[in-house]
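Look for chain A in each of the two complexes below; its partner is chain B in the first and chain C in the second.
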Partner chain A sequence: MASIAANDALPVPAAAPAAGEGLRSRRLVLSHFWLAFAAFLIACVLGAWQMWARSPLDAPAHTASNYFRSVTLHGVAMAYVLSTFFIMGFGYFVAETALGRPLKWLKAGWWGFWIGVVGVLMAALAVISGKASVLYTFYPPMTATPWFYIGLVLVVVGSWIWCGVMIAEMSFWKRDNPGQAVPLAMFATVANAVMWLWTTVGVAAELLFQVIPASLGWTQMVDVGLSRTLFSWTLHAIVYFWLFPAYIAFYTMAPREAGGRLFSDTMGRLSFILFLLYSLPVGMHHLFMDPEHSSGFKFLQMVLTAFVSVPTLLTVFTIAASLEIAGRMRGGKGLFGWVAALPWKNPMTLATGLAFVMLFFGGGGGLINMSYGMNAMIHNTSWVTAHFHLIFGGTVVIMYFAIAYAIWPSLTGREFASLKRVRWQLWLWFIGMMVMTIPWHGLGLEGQWRRVAAFDYTDPIIATWGPWVIVSLIGGMILLVSAVLLIWNLLPAGLGRRTVQVYRYAEAVHPPGRVPAALNGFALWNVLVAVLMLAAYGWPIAQFFADPPPQAVIHHMDRGID
Partner chain B sequence: MNVGDPIEQSALDRRWRLWASAAVGGILVVGAVIGMLVLPNFQRENAALDLWTAICRAVGITEGSPAYRQPITTAQALPVSQVAWDPDVLDILANANPQQGAQIAAQVCVACHGENGVSSVLEYPSLAGQSSAAIYKQLSDYRSGARVHELMTPYAAQLTVPQLASVSVYYGRFAQQATGLGGRDLPGDDYIVKLAREGDSARALPACDSCHVPGAGGPIETPVLTGQNLQYLAAQLRAYKTGDRQNDVYRRMRDISEKLTEQEIDGLARYYRGVLF
Partner chain C sequence: MIDHGATERRILKTELRWAVFVGFLVLMILGAIVYAGISMHINPPSNREFIDPKTLHLSGEFTEANLGTSVDTDGQVTTRVIATQFSFVPQCVVVPANRTVTLRFASPDVIHGILVSGTNVNTMVVPGYVSQVHTEFTRTGDLLMPCHEYCGFGHSQMLATVRVVPPEQFRPGPDGKVTCG
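On to the complex of A and B.
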């Protein structure tokens, strides 16, 4: 049987929770996943329409206000709903399965979920009403209706509850298992929770002290430099928040699913710690073209950004080594023979391979974005849009699919009806993403700007972009087909016979025994993050208070200035 | 990594603390030294700065660019409108007294602009549906002479700025009732609808709706067009086209109107005409 996951149908051990209904957090995890994927499907439809609207072909209902409404909903659904709810759901799953015991704070998880749901509905209705077409980034002086911001704050509050549950579950486990190494999947999940708490400080300060008072009409002016700086605090680390599940899957799922072992557990811990350290003090690379900061701090944050590539390179090395172990265990020989010997029919293995290809292109583009000098060439062009679609929409989201496919049988108690359809879905996502983003990169280099509702194709230069935008549109359509396939695969209609499975994570070649406190908790790293943040953001934020610049008049999207 | 002995374990933990802090601190210091000392030193010559100033600029303590003082133009700007949306003006509007506005309106405005801001004289604009900022801008322009009308100019000149603001806020209150009309689909022939909603990129004409519907994101003084009187709208577009009216900031409306044909002006005015109540 081409088993989904090397996740054997095991006899249920007496002590372990029985699969399916045995998993106490089962309903909680599934609720999170379904909300995430429902938002994802809607966002895919909007995304495909947006590509159509930007192309030389006549798109239905194409007006500027519809376009920005659509882009806002697409961004909010993908960046805040899909990501946050997927990460929370996966976190609860990891906490129960990796620690091998039921969640103590399950009820808090449900509170977080419902607070988040209320927030999503508020924000979504605000956007649909047309009173919040401000994109998913919070850049005043343009402000939306307060419902939009308050809704998103509720989503963040829900995610803070998740962080609390994750940190608490790990602490309880450590108390009960003194001296033991926290399982890598859980260690990484808590690293993400800790990072997310740090991450949200910036945007929370911006929303609570600047944007929400502005949108409520309590203030009439806003310091946009300060807003942009606070948002940059969040803006890059949030991407790593989204990325963590993909890396957790690389380290703790893919090696086993490919039939091998994780090459190094320590390398995994180090990578996750490096993400925690170097995701945060780097956000100013989004502000290289902004006038409110000095070159010295921009350069410093560029240097720190460069170190974000270290955990990625560590990961590529470790996972390639782990897969090589798997390939050789499966009889692969020679320099590259092990690659062919890998079980490419296994969705997780396939997704990991495809994710690495997209990471190669997306990561390369990212190195250009973060370079102070080269950034000027591609700033605010389609290149940037292409980059984050390739990395988040490509590498990360394809691993979200792979994770869902891997754990679905243990959540639903059913196998997939057709693994072929699962593989088709993954391949189509990969092909669609490459077809959409490669021309986008090229157009960005030619100067095609982002965040516009339409192009004037009567201009002879812009006319030459037309065919490539149509190619991207075809990519977008392929992605939409893949998104529909995903939902079909996950719905009961896409599932087959009953199964009893307990999800098991990859074991390391050398399983960790007792590890240094630094690799088993976050006390030291929190101190170092604080130092880095103080150094990187201390003066850049303090300057707005030491020497207040002129402020901008708030522009309400939802009304006049009354 | 089996380190059972507690003493050994704590020694290991200490080593981790030390080396991790050293590595993170080291990277931080190297980045700061290059960005804030070395690069300014190499770059200062081109900017004719001494080292200390260059460093202060790189750190962001001293004002940055341009290092060379730019020549200041001696040309005098001729603003088309005296209204600047600074905190003072916003405060005046925020603190205006609508009751006072109602009294002034009852004495002066209602005869032409109607009690609810709906004008029965088609040459005069309806005020319902407009934000107080939009009304204030036009009243201020009449007062300063930036816009001229045989009736409005003397009326506006008699009022003080707080009085103008109170009238603006009074009529601005009808905006909410009329706002719902802004987003509706208006009937019209296809060409005009497209012009209004999408513009004509070949002639560099932006869509009217990109600024003139509530919440479109245009300048805050932009009037809403939906429901405006046909004759008034057509007359204003023609006044911009001929240059008789010049209080549009950055010539936006003059530039646009100059490109519109007579048929398009009539078509757009018909398109945006509507019955408010």
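On to the complex of A and C.
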């Protein structure tokens, strides 16, 4: 593969940033992480119960209304709370450590946090009360109590504040360091913030102009095709929002943790820019099976979707090459000897390896989802649910764990009491995810559909699915054990010796001194995103106004009309 | 002295080579998808045909008498089904094997979706639109047709049967209709 390895003399690493005073944003970062992981733990309990309820075994408290209440809470907690708060917390950490200076807008960060907390509580209470069982996708014309949506909007507002802080911190730093390359970790974080601002436009428009007025009773009818289209604007890019921290860890953490260097800093910048560009104009691949769009735009967005795989494939190569450098620096020889020479006891290295295995399986499945025709076999089946558990719950979330493990000592000033328990947690997550999702994919191909409170196992076709659902349930239980271990590891009870650590990111084989302006900021790329979005979504949205379809009557799920 | 320029150029060259390979791979995959789509006549529902959810059961195509499977004078087989909270009307439809069948769905209330197990029949049913799928069933027997989009607490019970019969057993009545009964 990469012929440049340890035998090439490498430039001397720059001096480590001066140790000394602890992180100023420490409490802010920890608050975000703890909220994220608390939501995660609760959601894992619910997930395991859902799997039980779907199986032929008798689950406690098993009613349809409990099931959909649970799936709504699980989906919202995982997709909106765990992800958003983890990403924000990690962003503040990166801004302080990668730029090597305290946050100028720390206060704003706290505002964002508390607005988000209020939003989470509002939405969670709405779901628990049973007045918001609309699932995390809340497709109209079914509507929940307005508190649910207002809570979600507050979470988004909190995240917008985060975006503002990230962008501001980068531009302050650039002003103070003219001509210098923004450190890759921060560059990527800001790429994500910029992408997230674009991403949320779709769902924000849907909520503010369609869903909230309907749920308040101000409007009686809704254009469902339009709301699905606006939601699709958000639905793909949000996945990359979740994914970004994992890629930031691949590029800027894993190479050093494995004892090597990042193969190419430029390739990192390019990949993050490509994510910004291609994550957005592709959301209509979620609408392949919808009647409100003609095939032309579906086809266009499918072609663009194919290009989203480019930055991922570039990443796989660059990271594999970086790990190869590490393996060879550690004395690994031969074609694959470097793999064995990697420090697999290091949690970040282990998690990266496991994440790549899940990415390999998940990516293969993704090709099927993406293709215009084959999508018909799997749309809204368990295949889809299994797929995003593998990629999001697997690849992405295992890297969230790895990031937390990597930076925890510098946040808490304590080392882990047992790295062995840390590794066990990662292995169990990987094993649980494989055991849960492999049969789940198969069930999807057999036609098992998603979002079902209970299957009728007396039906001869459905009866054959039973044993596989039980295997998935076992996988889910393993995941639950892993989730509990995670919390144990991170709580004071799981920590040991005191330590003073300053987190250091990976050096590139060629540390960038100066980079072209295009690879150091986002002005140009924002223009390109605007052009792409206009081309991809301009007419698909405009058609609802040019040629308005009949509207649907609002169904208030919170008023007991159904 | 280490020649930084040389390593840098080498890294760039390796990355570029890989990027070209990736570009090629993506084009190949796209080609395969397009080819499969065209050669297997796979067309997702994209007819963009409006129908008013408030009145669809009162007049026109989706009134009760027109639901289910019917064969028109040119021998075209069309199956019309209403997806509503929480059942299909009708709950069972008959279709012939090895003949092109046009399935048409509409919803008077919320979003539903259907798939037919073991086939690639799959569409969302969005209020405001008629969803249309052309297909040919190859295996005979009773297939499941569940609603696959969450539509309320009764969603899990929303399940219909597609009865695929051999062509010789598919005999329309005088009104052109074929029913499960």
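Note that the second predicted complex is superposed on the first by the 538 of 562 C-alpha atoms of A that agree within 3 Å, B and C clash if a C-alpha of one lies under 4 Å from a C-alpha of the other, contacts with A are read in each partner's own complex, and residues count from 1 in each chain.
Everything below uses one rule, namely that a contact is a pair of C-beta atoms (placed from the backbone, for glycine too) under 8 Å apart; a residue touches a chain by one contact, two chains touch by 3 or more.
Quick caveat: nothing in here was measured; it's all calculated off a predicted structure.
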According to the stated criteria, A:L135 is in contact with first (chain B), second (chain C), both, or neither; which is it? second
Using the touch definition from the top, say if A:D290 reaches chain B (first), chain C (second), both or neither. second
Counting residues of chain A touched by each partner, does chain B or chain C come out ahead? C
Between chain B and chain C, whom does A:L277 touch in the aligned arrangement: first, second, both, or neither? first
Considering only touches as defined above, state whether A:R514 meets chain B (first), chain C (second), both or neither. first
Taking the superposition on A as described, I'd like to know which of chain B and chain C A:W539 touches: first, second, both or neither. first
For A:S65, decide between first (touching chain B), second (touching chain C), both and neither. both
Per the contact definition in the header, classify A:P178: touching chain B only (first), chain C only (second), both, or neither. neither
Scan A:P492 for contacts with chain B and chain C and give back first, second, both or neither. neither
After the superposition on A, what does A:S371 contact: first (chain B), second (chain C), both or neither? second
Overlap of the chain B and chain C footprints on chain A, residue-wise? 64-65, 68, 133, 142, 266, 291, 293-295, 298, 302-303, 307, 454-456, 459, 551, 553, 555, 557, 562
So in the complex, the part of chain A that touches chain C is made up of which residues? 2-4, 8-11, 64-65, 68, 133, 135, 139, 141-142, 223-225, 228, 263-264, 266-267, 287-295, 298, 302-303, 306-307, 309-310, 313-314, 317-318, 321, 367, 370-377, 379-381, 446-447, 449-456, 459, 461-462, 509-510, 549-553, 555, 557, 562
Looking at the complex, which residues from chain B come into contact with chain A? 1-4, 9, 12-13, 16-17, 20-21, 24-25, 27-28, 30-32, 34-36, 39-40, 57-60, 64, 85-87, 90-91, 93-94, 131-134, 169, 172-173, 175-176, 179, 183, 197-198, 201-202, 204, 207, 209-210, 213-217, 220
Which chain C residues qualify as touching chain A in the complex? 2, 4, 7-8, 10-12, 14-15, 18-19, 22-23, 25-26, 29-30, 33-34, 36-37, 40, 42-54, 85, 109-111, 113, 115-118, 120-132, 144, 146-156, 159
In the complex, go through chain A and note every residue touching chain B. 62-65, 68, 130-131, 133, 142, 220-221, 266, 277, 291, 293-300, 302-304, 307, 454-459, 512-519, 524-525, 528, 531-532, 535, 539-540, 543, 551, 553, 555-562
